[in-house]
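The same chain A turns up in both complexes below, where it pairs with chain B and then with chain C.
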Partner chain A sequence: MNGWSNEIASEIFPMVLEGFWTVLKVTFVAGILAIGLGLVVAIAEQTAPAWVRRPLSGLMQFIRNTPLLVQALFVWYTTSLYINPEWSAFAVGSVVLGLHYASYTSESYRAGIEAIPPGQWEAATALSLPAYRTWGVVILPQMMRRSTAAVANWIIAMFKEVPVLFAIGVFEMIAQVDKYQGLHYAGALEGYTIAGLLFLAASYPVAVATRRLENRLAKSHY
Partner chain B sequence: MDWSTVIDSLPGYAEPLLVTIQVTVMASALALVVAFALGLATSSKHLVVRTPARAFVELIRGSSVVVQLFWFAYAMPILLGIQFNFQILVGVIALALNYGAYSSEVVRGAIAAVPKGQLEAATALNFTTFQKMRLVVLPQAWPEMIPSLCSFAIMLLKASALVSMIGIADITFWADTLGGRPGQSPLPHLTVILVIYFVLAWLIWTGMRWLENKAKQSVGVAKPRKLKADPNADALGGVVEKSSTTQRRGGVK
Partner chain C sequence: MLSPTTDTDPIIRFDRVNKSFGDLDVLKGLSFEIGAGERVTLIGPSGSGKTTILRLLMTLELVTPVKDPDDNGGVIWVEGKPYSHMEKGGKLHVASERYLRQRRQKVGMVFQQFNLFPNMKVLRNVTEAQVHTLKRSKEEAESKARELLDLVGLSDKVDNYPNQLSGGQQQRVAIARALAMDPDILLLDEVTSALDPELVADVLGVLRDVADTTNITMLIVTHEMGFARDVSNRVMMFDQGVIVEEDTPDKIFSDPQEVRTQDFLRAVLAE
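Now for the complex of A and B:
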């Protein structure tokens, strides 16, 4: 237990990398869910009748204001005790993460929709466009420009929260370090440091690119 | 599900609830200090101050809060050759540094948003740099920060559940332990704490609204307008006013 060891670091690196691969896979699945479901929720909150809209907003608010960890445990126990014990932690974790972040992305979409000038809606009405055309060719394309950067930021944030799913047994980086520690009674310093740096290496370029995109979209639009 | 055992176990939640509140409040307070220190440092015009602060913020924001928590709990003691006696401090420090780094961007942004003329006027009045900050810039920047800081405080509350993973007995830890006992189902316990977290988040939100109104009044800015748009506003060509707590577009994290 004294200081950094290159030997341990080189031994643990492939394991952490494997965990990182799992993180990327979860991010991919949950990201698609967050992007898609968020949009569905945002549109439903604008168009659905009140008896759908109210409970939906309530649910989204509840999801946004309670910890992901507890939600993951809750859903994990529900599925494994009452629904189907065969469902993998990977699948359940990805869905929970995707849902959690859909509650955030839907807010970004909503802000994008509300920022569209009322004249656009009025013009669509004046042309008597059917609802699906109004949304498809007038509202959504304009909303996309306004929301893309914000949604991208949520996806980056989501990527960094994947390790929470360690609690339900998704075999990501912390689990890998944990496993190594269990076998060798060492490797915490090396493992967690490498894990942190991998996150940094992956998320920093994306964050910088998002910032650029944000600036560009902002300039082109306002 | 057997709810009576859950109701019987409710008094046992008092102590873990205190731990959750302690972690959240202590980490929020420390995060606020970190946010102001880093926010002021990153808006400094001196490169020697700005660069390290910027690097630190990017380092923290670039990696994951969970990994940082484990790093502080298990890697740092090896690196420094010391052992913390209070695991709870580790949790507080890790959360405070993470959310402090995020919030420092809010502080920086709000400082940058104070109109230039205000600073020029302060210079004309021969204020020192410290006086400018304390008397002119910060009182105006502060109300602008509150909504975003409120979102971060709620995120910090949610992140406080993570400290259960490094063995701190907060409500998440407690619910998981109780729920894992023979003959008990974890679901009712988890439901109980989900409701507790929601109520705590609501309390933070309400408190922050009050604080925002207070701060705005103190610098002579009118109360924020109502959440819902005035139905007549559209007809008059008015812009729909959004709530100040709406997630800022492109808000980081």
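Now for the complex of A and C:
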């Protein structure tokens, strides 16, 4: 293998970019799942009856304690064998990734809920507020202020883990470089360098924005 | 009984009420009655169970159940109806959450730490439960809130957030918030203890106004003996969950009969 080639770089660039576009799409779908499901899980863990809460907490702990790669492969093979072989790697991969990170974001939400002083719940009770108001206008807004930065950090972490889904055939950047290599026996250095730079270019501004958001939340009225 | 109203049904009745936290029995068969419109001050050393009594009335704590409540009590009654319990098939059962939610609407509480909703402006703090608990229209709730905020001297703060107010101002908003629900019973748990000394007078002034201009039944826990003397009809001295002595404020403060009351008052006045 030789050193860096500008020619190969410019040839592989559009392919890597296409893979990166896939990464963004997966991040978007999985991100919505992680943000939404994590919240549902966190609320359920506080409000649901024990026969829902216990298994749910157990499942979340199981998901957090096993590798994403294993989960992705397991779900990919079991769904295609037993449920529907037509499901795309993109769909299955996004769902697995979203669920995996929901198990983390739910913890950030939980911490945000538990940090709210008990007096807030007691005031809501003393005013006989219906549960949906207590959650909707008292607890969740105060939780959001405390949890948003942590959840944003999980989404950034998730974005950087999308390439794991290469293992089940999601056509992201590694897959693109792999394909190029298969045809030309070259391009790994250029492809992975470009991939790394694209990740950096995308996550740096997001990290800065998160930091700024954190500062702004800290200065808000509550 | 000393209260002028005990010839009518009591608005609050504790009938041999028990409350334990784990192994700690805070209330052991406590009984007392409070008449409608009465102002009763609860005094006593820290840990004697005063807050627990108020929290039971606000349903923030639940009584420790007793077997056969029809015979053995362990029940709180409010406005002539079981409160900690409910009647089902002619017998008393521990109240369901739904029953409590409905019954506690007539009870309001002001907390030591104010507990305003920090994410809502002052006006919204006072309208939120009017609209969503009492189902008042937004207009009605706002006009009531402005009226009450005017009463507590904060008409110019309606658009501020709680953390832009002093402690005394926050506590006055909390009083307005509780009054907006038109409670029959108002519970006040050391509402000036968290305040800087120079802010106490304004809050007590507001409460004196409320006592003078309404017939709300008030249960007051306070170390402000002058205030207790002025607003209450009756003072109950607690120690270890038991009423040691109760009398009119004049008698209790000038001529306490029990040694424990004498010791307690001496300690408070020495502060």
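One rule holds for everything that comes next: the second predicted complex is superposed on the first by the 218 of 222 C-alpha atoms of A that agree within 3 Å, B and C clash if a C-alpha of one lies under 4 Å from a C-alpha of the other, contacts with A are read in each partner's own complex, and residues count from 1 in each chain.
Methods note: a contact is a pair of C-beta atoms (placed from the backbone, for glycine too) under 8 Å apart; a residue touches a chain by one contact, two chains touch by 3 or more.
Keep in mind that this is a model prediction, so the values were computed, not measured.
Novice: Does the superposition put A:67 against chain B (first), chain C (second), both, or neither?
Specialist: first
Novice: Of the partners chain B and chain C, which touch A:142 in the superposed model: first, second, both, neither?
Specialist: In the superposition, A:142 contacts chain C only.
Novice: Which of the two partners, first being chain B and second being chain C, lies in contact with A:197: first, second, both, or neither?
Specialist: In the superposed model, A:197 contacts chain B only, not chain C.
Novice: State whether A:125 touches chain B only (first), chain C only (second), both chains, or neither.
Specialist: second
Novice: When both complexes are superposed, which of chain B and chain C contacts more residues belonging to chain A?
Specialist: Touching more of chain A: B.
Novice: In the superposed view, which residues of chain A touch chain B and also chain C?
Specialist: none
Novice: For chain C, which residues count as touching chain A in their complex?
Specialist: Chain C reaches chain A through residues 58-60, 101, 104-105, 107-109, 111, 113-120, 128-129, 132-133, 161-164, 177-178, 181.
Novice: Given the complex with chain A, which residues does chain B contribute to the contact?
Specialist: So the residues of chain B in touch with chain A come to 58-59, 61-68, 70-71, 74-75, 78-79, 81, 154, 157-162, 164-165, 172, 175-176, 179, 185-187, 190-191, 193-194, 197-198, 201-202, 234, 240, 242, 246-247, 249-253.
Novice: How about chain A: which of its residues touch chain C in the complex?
Specialist: The contact residues of chain A facing chain C are 117, 119-120, 122-123, 125-130, 133, 137-138, 141-142, 145, 221-222.
Novice: Once bound in the complex, which stretches of chain A touch chain B?
Specialist: Its residues touching chain B are 1-4, 62, 65-71, 73-74, 77-78, 81, 104, 107-108, 111-112, 114-115, 118, 146-147, 149-150, 153, 157, 160-164, 166-167, 173-174, 177, 188-189, 191-193, 195-197, 199-200, 203-204, 207, 214, 218.
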